[in-house]
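The two complexes that follow have subunit A in common; it is paired with subunit B in the first and with subunit C in the second.
The block that comes next holds the complex of A and B.
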């Protein structure tokens, strides 16, 4: 009975009902859609970070993270690599690297870069560089003097394919090590900062230049699914041959990113709160107006024998329908918007410099999380009903004698 | 007629032979010339007092310094004037370089990252000084022509980096006089466009030998930005102890 009454009551004033429905629809849509966009940004940031050389897990010498110098290298990686190969879940890939800071110079420019010595075929499966080369070619195992640099660095140094680049750094004997490389490929990355920083040479070339013999700086692991990170990490840390080394997950390796993600989480939470408060006021206002218009009606109902609790239930039923319709339409609208953006995303290339600063990629794709949608709907529905209790209680408290005499 | 024709062939063959011989010898001679002029420039040891002027379109700065060199690899340079820079010094021993600043009383070993930065604010880079012997070891030299200067023959030598040599230049062109004096050194990038040029002029008698007094390093595309070194007292082959090229000597500024 309440539902029938509730439904009929809200359509007694279609204009007011439509207005409040619009408010709820917009509120729900913004919660879900903008939440999806922000999740999309966060997801891409994570993917970017992992693909840009971090991987899911990295293994280093104990002091390497404090001081990424060539002294803190893993001198004999063979036993560790064997253990890793045995312990990783199937479908994982891993790659060894030498990573040191160096100065790159040509006849007209010099700047600091990070020299990364890689094993070309394995690295291609672990990080972005395998597919990132836009001009020239990727490194080959036998490239003793080949180097692959980023487009932004090539532009800054006014250089191109086939030209020389001299890298200077310190070797394990604390002498200055320098080597002239030839640019064999130019890569493009999501962020210009990446392109300016990383230059890639072969592991053997770097090892020779730094007099490292077989030593490496780090081992980077990419798991088939990032849910496996915690479990794999525990297994690796327990292995005896890895005891002297540091195995860290990407969350620890990219603390800035972790901070960003936490900021986004808080932001989403605050956004939901603000949107809901605005909606709540709308709902309370509308329902209260509806109540006050019908004071005489409530007086009549009470005198006819309708218990106060039933009146509350009736008012809540009205709110129930308002919220239900609003939520359904809002959800449909959100899914449609996300569907529309799924292919092309929002193109921020015009603001690329600024968005890079905040770690956002150039094109944003929304990404819907079931958890978020459920949360938004539940929040709106339950809290919506809760705030409607106020007008409902007010309605239930009318004294029939005064109410019937109300103008 | 026939004899004439035969004679022409013989002469041409001879010329080609001779020409080929000259070209083949050019490379060896090139290296010898550069080595000789290098040795002449450094002597076994040298002690010099130098005024360095750094000139830019808007300003100019003058410093006086004392420089000791030994062999091809060791050198010590200490600034003596103006008062605010006095005591600053650079020590080079083999391939390593240190700078000292008396105001903070610190000796800093130059890391690779600072090598391409300018030396004491001039147009010379730390690398220019540290790897001054790289000209001998990392390049192949070829005589490409001759000119004349003050009545003496000048060899024009083209120095190309050996493949794999860690030098940033694409090519250097040197002009060396037959009495082993460096006149000009031009630095070219990989596209063979000139980047900077060093000239040495005003050749006078110093310490028993002819030596250019005024050395000027300027960028190829700007006449108004240069660094000029003017040698005052210059003594060669004096006996310099090895203890002069140590960090303690750097800190305690020998006079």
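The block that comes next holds the complex of A and C.
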């Protein structure tokens, strides 16, 4: 009975009902859609961070993170790699790297870069570089003098495929080490900063240049699912043969990103709250208007013997339908909006410099999280009914005699 | 047997800074099956007395007994129950719930009483037929004339077999022909089902139809003419 009365009562004033429904729909849509955009940004930040040489877990020499000098390398990585291979979950990949700061120079320009010596086939399964080459080719195992650089660096140096690039750094004997490489490939990355920073050579070429022999700077691990990070890390740290090394998760390797992500969670919650508060005023106002227009009707209901609690249920039934319709339509709009943007995203190229500073890709793709959708719907529905209690209680408290005499 | 007893009932309202005496000590007894009119000029206290008998308002002093139940110390919930089970109301205007059909309006009280759906439907249709509204079950109040709306209100008031039906100026918004038809119908209900009707009115026609006429003036009983043999 309450639902029948509630449903019919909300359509007594279709215009007013449409206005409040529009407010709820827009509120729900903004909560879910903007939440999805923010999650998409966060997800891409994580993916970029992990793909840009971080991986899910890295293993270093104990002192490497404090001083990433070539002296703090893992001298004999083979036993460690053997242990890691046994301990990682199925579907995992890992790659050894040498990573040092260096100066890149050609006839026209010189600039600081990070030289990354990689095992090409292994690295292709772990980081972005395997699929990122846009011109020329990817590195091969036997590339003693081949180098792959970023498009932005190539533009900056006014250079291209087949041209020479000299890298200079310090070797393990503290001498200047330099080597001339030939550009065999040019890669593109999500962020221009990445293209300018990283240059890739083979592990053997880097090791030779730095007199590292078999030594490496790091072992980067990519797991099949990021949710396995905590468990895998605990396993690696617990292995006796790995105790002399430092195993860290991506969150510790990218502390700024971790801080961003924590801010995002808080921001999403605050956004939900602000949107809901704005919506709540509309719901309360609309319901109160509907109540005060029907004072005599409530007097009639009470005179017929309807108890106050039944009147509250009837008014809440009206809010129930408004919230239900608003939530359903808002959700549909949100999912359609996300669907529309899933292929092409939102292009921030015009704001690329600013967005890159924050670690955001040039194109944003929204990402819907089930828990965000559930939270948004629950916030609107439950708190919507809660704020509707105020007008419902007002209606229940009308005195029949006074209400019937109301003009 | 007395269905209603009022013993020295007083009622005073606060209007601004003044106290207005609506009832100054009214005592009366109404027998079961009565067809009684409380008549008097506007402001005489007849509606106030009706509201107190129906449990919509509370007397300041005195005692009111409806079908053996003393209203004086009842809680709001108990009064609501009394109105639901024992009292039917017919108001001057705004009698019906606009979003419900004639049938649903009549069913409404039985629904509040917890009557099963099938029985509700049967009784509601039957009573609507009795009041001359057969075939108009699905019409909403806006699609009915004033007289038809009042018939639905009367049907709703008596469908739950109340002890008394309190009608406050039921013919005030009707033309004389329609008002007469309504009165005849209520008289028929009174005679066939022994439902006690108590009217508050200043309509001559209602006064003429009543078998007992109680005149109220300035909150006091002025006259009491019992025309029952």
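Going forward, the second predicted complex is superposed on the first by the 407 of 407 C-alpha atoms of A that agree within 3 Å, B and C clash if a C-alpha of one lies under 4 Å from a C-alpha of the other, contacts with A are read in each partner's own complex, and residues count from 1 in each chain.
Quick note on the criterion: a residue touches a chain if its C-beta (ideal position, glycine included) is under 8 Å from a C-beta of that chain, and two chains touch if they have at least 3 such contacts.
Source: prediction; values computed, not measured.
**Q** Which partner chains sit in contact with A:175 here, subunit B, subunit C, both or neither? Use first/second/both/neither.
**A** First partner only.
**Q** If we overlay the two complexes on their shared chain A, which of subunit B and subunit C does A:240 touch? Say first, second, both or neither.
**A** Once the two structures are laid over each other on A, A:240 reaches no partner at all.
**Q** Of the two partner chains, subunit B (first) and subunit C (second), which one does A:370 touch, if any: first, second, both, or neither?
**A** Neither partner.
**Q** Is A:106 in contact with subunit B, with subunit C, with both, or with neither (first, second, both, neither)?
**A** The first partner, subunit B, only.
**Q** Between subunit B (first) and subunit C (second), which, if any, makes contact with A:297: first, second, both or neither?
**A** second
**Q** Check the residue A:9 against both partner chains and state whether it touches subunit B (first), subunit C (second), both, or neither.
**A** After superposition on chain A, A:9 lies in contact with subunit C alone.
**Q** Figure out whether A:307 sits in contact with subunit B (first) or subunit C (second), or with both, or with neither.
**A** Only subunit C; A:307 stays clear of subunit B.
**Q** In the complex formed with subunit C, which residues of subunit A make contact?
**A** Contact set of subunit A toward subunit C: 1, 5, 8-9, 12, 296-297, 300-308, 310, 400-401, 404.
**Q** Per the contact definition, I'd like the list of subunit C residues that touch subunit A in the complex.
**A** Against subunit A, the touching part of subunit C is residues 51, 54, 56-57, 76-77, 80-85, 89, 91, 94-95, 97-100, 108-109, 111-112.
**Q** Under the touch definition given earlier, write down the residues of subunit B that touch subunit A in their complex.
**A** Spelled out, the residues of subunit B in touch with subunit A are 95-96, 111-113, 115-117, 161, 164-170, 187-190, 195.
**Q** Would you pull the subunit A residues touching subunit B in the complex into a rising list?
**A** 101-103, 105-108, 110, 112, 145, 159, 163-164, 166, 168-170, 175-180
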